[in-house]
Amino acid sequence: MLVSGYNPVNGYIALWNGAFGQVFYIGETLRLATPYIFAGLAIAFAFRTGLFNIGAEGQLIVGWIAAVWVGIAFDLPKAIHLPLAILAAAAAGALWGFIPGLLKARLRVHEVIVTIMMNYIALYSSNYLIRNVLSKQQDTTPHIHHSASLASPFFQKITDYSTLHNGIYLALLAVVVMWFIIEKTALGFELKSVGFNPNASEYAGMNVGRSIILSMVISGAFAGLGGAMEGLGNYGFAFLQSSFSGIGFDGIAVALLGGNTALGVLIAAVLFGALKVGSLNMPIDAGVPNELVNIVIALIILFVASGYMIKWILTRLKKEAK
Amino acid sequence: ACGSNSGNSGSGNKDKFTVALVTDTGGIDDRSFNQSAWEGLQQFGKDNNMTQGKNGYDYLQSKSDADYTTNLNTAVRNGFDLVYGVGYKLQPAIEKIADQRKNTNFAIIDSVITGKKNVASITFKEEEGSFLVGVVAGMATKSNKIGFIGGTDSDLINKFAAGFKAGVKAANPKADVQIQYVGSFDDASKGQSIASAMYKSGVDVIYHAAGGSGKGVFTEAKNIKQDDPSKNVWVIGVDRDQADEGQVTVKGKDYNVTLTSMVKRVDKAVIDLSTKAKNGKFPGGKTIVYGLKEDGVGIAPTQDNLTPEMKAAVKKWTQKIINGDVTIPSKLK
Amino acid sequence: MDFLTALEIIISASLLSAAPLIFTALGGVFSERSGVVNIGLEGLMIMGAFISIVFNLTFAKTFGAWTPWLALLAAMAIGGLFALIHAVASISFRADQTVSGVAINFLALGLAMFLIKKIYGKGQTDTIREYFRQVDIPGLNHIPLIGKLFFQGVTYPSYIAILVAFAVWFIIYKTPFGLRLRSVGEHPMAADTMGINVTKMRYLAVFLSGVFGGIGGAVYAQSITLNFSSSTISGQGYMALAAMIFGKWNPLGAMGAALFFGFAQSLSIIGSNIPYLKEIPSVFLLIAPYVLTILALAGFIGRAEAPKADGVPYIKGER
Amino acid sequence: MDYVIEMLHIRKEFPGIVANDDITLQLKKGEIHALLGENGAGKSTLMNVLFGLYQPEKGEIRVNGKKVEITDPNVANDLGIGMVHQHFMLIDKFSVTENIILGKEPRKKGVIDIKKAEQQVREISDRYGLKVDPRAKISDISVGMQQRVEILKTLYRGADIIIFDEPTAVLTPQEIRELIGIMKTLIKEGKSIILITHKLKEIMEVCDRVTVIRKGKGIATLNVKDTNPQELAHLMVGRDVIFTTEKTEGHPKQAVLEIENLHVKDSRGVEAVKGLNLQVRAGEIVGIAGVDGNGQSELIEAITGLKKAESGVIRLNGKDITNLRPRKVTEAGVGHIPEDRHKYGLVLDFTIGENMVLQTYYKMPVSNKGILNYKEIYKKAKSIISEFDVRTPSEYTKVRALSGGNQQKAIIGREIDRDPDLLIAAQPTRGLDVGAIEFIHKRLVEQRDHGKAVLLVSFELDEIMNLSDRIAVIYEGAFIDIVDPKKTTEQELGLLMAGHRKEKVGEQSNV
């Protein structure tokens, strides 16, 4: 920033203020972090089990649509309707993960390509559904019924009308669930084992193909829930998207920054949310163009990722001190 | 509830009129309606001796759909008296925030919000402008095959398509309009492929409403011109005067494949509405429709490629529309 | 539309849209063959597109028709240098290669947009006037049928891409450099014991991925969009990645896959002109290319085997 | 004295450990010099120092009397030092020739002159009687052949001093014979050799001198003709080692494993097991002897459910287990010590504890309703570690960091701990030092004495003869004969393994 002639201190203050400076912005940061948590968990979960799921984006989109669909189509008591809508999102995401999982397990097709293709299929099909099934040739779907909404008047009140919604509880729950599955359950044990060494896992009696499919399904379900956060929480409807939301792709960085652990994802997601929300404030508050924010994010990622660099520099310094 | 519990929100605590706009994901450099809106606001600022910033006029750019509420709120919190939301995508966000922040006035461009005293809506009759370029297209075609390339299959885009088709038919009943969608606004490569397929199948005029994907349409037309300058290939631009996209030089001779463009004067609408608001006449709850009559849509000033007959026809139809002699459909079928 | 015209459209559209993907996927092949995963291809394309357009706009007056070619060189150089960030992070500092690649994507977009803003004071550039035009390849265009289908109304980069794919294939499979490159990606320690400098090879490979990614972006910008904005490159890098994997990390395979993507897409475009298909909802045509790709993958049973040491940092003396 | 190599007072440290501590090794021209020591004693490290892969902290190296700095393998190559590594440094997807010429490719106009390269490889191969096909792909050739490629690599680079790091661990007896022949040819051609092996017999047979190291320290350098295996074993382990496992007469009971007319295809679809019949009873060890590739692997894979049996029946304790999934087979009471421990036996990135429950993680008490009980896991691991003498910092250590011998002990501990009725042990002592072998042999016999059935597959005839109650000789997918170890000789087994039936043995001896 300095190099480019902007005042970096003011820039960062604006960034900070725009992310945490007022309760409103804290609410916005957490709200944006919510889908990031899910996308990050999805990708981290897959990574931990030896799979690279670039398809979180598509899984998120179908989850969004499914949640909204249920939210519109039924009129049920909240206790049934909301869980149903959320489950629908998870199921849709799971289905979107199932296909690449199945193809990998049965035909050894590389999951990276299939998930990339599935992203586009999700985008175009959901746009079609919005126009032709969920609405009568409209660009947005109707609003979901109140009974399926995650919106939280309480959060709105305490955060001065931010869009923070009850999904954050679910996200925190998901963090615990991911941690629990991976670290504490026999299922997680099996999935990790297959990820590390499929041969030995098969020798040990595990069903490798089933594990791969299951990993992708769980991963997809996480991403699908991320879609529910948008569909039931942030927006309350679905709309035509002319390009990807980017949450799924950013989720890759979130997962990796978080070291593919549940807690790490949570922290990285909040960091991402803060950077993105805070950056919106940089132009108006400090005159710093928010184009710089991607650069800042990139540098943060590089810095965190190059842990060895720090070790290297430290040993160099020590040597010089000697 | 109203926004009184936030320290620095609300308006009226400053004597100076301030105004901000929140873009959609296109940003203020989209060479389209966001940019046009911002240009309008800048002009308004200049005209009223305002400065850019929190005490005058400013913009907030949204980098994703998730940013609308944040940005609108930031604008409110910074005390702007009037906040524009540019693009139909901001409608739900404005609808929500307008209820929460009753002391701030909002304006939504390209969509309609009814029943809120602090929201004015601005829409354009894209179909009317599109009708005029349709008339031109119908007269310019030699193959009687005309193309329309849209970004996505959506309401807004179909307004362009519907008006265009009606214009073509009005001028040339024998001509046929093929409609195809790219699926996105940023896939120039696919835009070019579609254009290529259309031109190769005999289409000689294409009207695009496809944003960045439309770039490929110009590229394809220029390529054809390059190959054979005598060929009858045209592109009709959208939103602003896109004559600069169509320039091509073949063997030292300059051509322009941009037949003309359909312009949407968002800038004008912004200036109008801002002026009204400044003068305390904010049309809350109302929808202002900018059509040909209001000079909100129309045909671009660059008309070098138009024959006198075409210009005459445009003039004739313009008059008819303004007089209300014809109504232009805004929906495909 | 008659069959021949349809064929003509399919071929020319495939060639056009495949060219940038081929170049970029070849860059991916270099990098991953040496054992460095490169998900930063998207960012490298962004850099290439950005530099080529800036160069083009700046020097078009000076160099005239040569401008796009020289801009290509600039994109190669800057792309290569930019890729070195990925090399330093992932090879020397042992950052996770995927993380580093993702960072490259962010950095490229941020840097390019920031500089565009700085240089031009707006968010997208003007349209370039000197670009890769569609031409008839002299001599070849007169071959009956073939000439019309393959050699009329094409851009030079399309054919160069195909030739380069063959050249890269040759380099990777027939030259000492290629043998060493592959050895480093398969079994770096074995290569080390044979006196090959693993780090140097990997740096070189990542540099080359930047060079080729840069070309890919520059070709895209200078033959299709003709300007640069934040959405000029939006997903093509990932498609190139997919092409590389689809092509089983083989230069010719990657080329074939890129052509296949172009083919599948133009097929869907043509589809809407076929009377029978006109009736079906357009969404099926939109998703057709991607569904076709998945089907093709499922059909080519036999797994895509990545280079063995792909993604594994080489730490001397560690087993 | 004429030393071609002198490594003087070498010290090499790894974080937290001194792998080589003041070791001196001197190699005479034209000799085969053995380097002997327990697993982890520091042999490979010392040789990697000589080959330039590691830099020593202290000490000096002289080649032909001149002090040298071997900073990387290139320098070693230039000094005429070649190394056949313990874990082969070969690239599976490359051809033999490509592996050999890598880094020193003959070229024509900048392109690899593959014709010339193949020609050169063929020439060297012929000269030393290596019989290698220059065009074959590494993944398609046998381990023995791969090793010859490694040797060719050193010869191609004109090495005069060749280091063999445990070359015989992975070879079948036939291949070992051939390798010894090759080494003798090399010596005749004026080369000098350093040979690392755990097999004392081999040292006695081919080596001139031997240097023994223990825990990173040089213990002694002896003339082979002045010593014997007992003394060497004592020097290296620090105590007396018993070579033949003591075992009492077996008391076999009911049949545990019954195989009838089994047919199995190999991965290429060729029939590898052809109508095989076998019984293993409770309380006996049945050893399977045979040349590699005669259907041993397929037989084991069919029993354990990893490969489909085309026809035939496999019964365990009378229950049909043919073509059950591996998990069902495990649950039915089969334990399996796989041949390739890294690929099939362990998840290297899991801790020892996690590896100890690789088959049982879903069952009580390790997991309850799908939730793992890590306390139980590590309790179990701890008990296996102490019972099977697994040398590891803790049960939380990643298995990757363990030495091969200790990894093997952990696997054996895990399999025995599950208390299977049938224990299949494939090459259980490959690459281990005599101390570890002794330990493992004891455990296998113990299992037998506890009334378990043990099926042992090994290329080591010593091991087979020593442990088995019956020896089944496999040849081309079926048992050519089943013999009593007390009534047979290595020669007879060798002939059977080569496909000569008993009658024919008689005929042959008549000739």
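Lettered A, B, C and D in written order, each chain numbered from 1.
Definition applied: a contact is a pair of C-beta atoms (placed from the backbone, for glycine too) under 8 Å apart; a residue touches a chain by one contact, two chains touch by 3 or more.
Since the model is a prediction, treat every value here as computed from it, not as a measurement.
Asks: Could you tell me between which two chains the number of C-beta pairs in contact is largest?
Replies: A-C
Asks: If you take the mean of the Cα atoms for each chain, which one ends up farthest from chain C?
Replies: Greatest centre separation from chain C goes to chain D.
Asks: Return the distance between the CA-based centres of chain B and chain D, expressed in whole Å.
Replies: From the centre of chain B to the centre of chain D is 75 Å.
Asks: Please compute the C-alpha centroid of chain C, do the same for chain D, then give the distance between them in whole Å.
Replies: It comes to 46 Å between the two C-alpha centres.
Asks: Suppose each chain is reduced to the average of its Cα coordinates; what separation in Å results between chain A and chain D?
Replies: 47
Asks: Chain B to chain C: how many Å between their CA centres?
Replies: 34
Asks: I need the residues of chain A touching at least two other chains; which ones are they?
Replies: 124, 127, 243 - these are the residues of chain A that touch more than one other chain.
Asks: At which residue positions does chain B touch at least two other chains?
Replies: Each of 153, 183, 185-186 in chain B touches at least two other chains.
Asks: Among the residues of chain C, which ones contact at least 2 other chains?
Replies: Only 231, 234, 282, 286 qualify.
Asks: Please list, in label order, each pair of chains that touches.
Replies: A-B, A-C, A-D, B-C, C-D
Asks: Can you check the complex and tell me which residues of chain A touch chain D?
Replies: Contacts found on chain A: 184-190, 192-193, 196-197, 199-207.
Asks: Note which residues of chain A are touching chain C in the complex, please.
Replies: Residue list for chain A touching chain C: 4, 52, 54, 99, 103, 107-110, 112-114, 116-118, 120-121, 124-125, 127-128, 132, 243-244, 252-253, 256-257, 289, 291-299, 301-302, 304-309, 312.
Asks: Quick one: in the complex, what on chain C touches chain A?
Replies: On the chain C side, the touching residues are 39, 85, 89, 92-96, 98-100, 102-107, 109-111, 113-114, 117-118, 231, 234-235, 238-239, 241-242, 245-246, 281-283, 286-287, 289-291, 293-294, 297-298, 301-304.
Asks: Residues of chain D touching chain A in their complex?
Replies: 304, 306, 325-331, 336, 338, 343-350, 354, 357-359, 361-362, 367, 370-372
Asks: So in the complex, the part of chain A that touches chain B is made up of which residues?
Replies: By the definition above, chain A touches chain B via 18, 22, 24-25, 28, 32, 123-124, 127, 131, 137-140, 156-157, 160-163, 230, 234-237, 239-243, 245-247, 276-277, 279-281, 283-284, 290.
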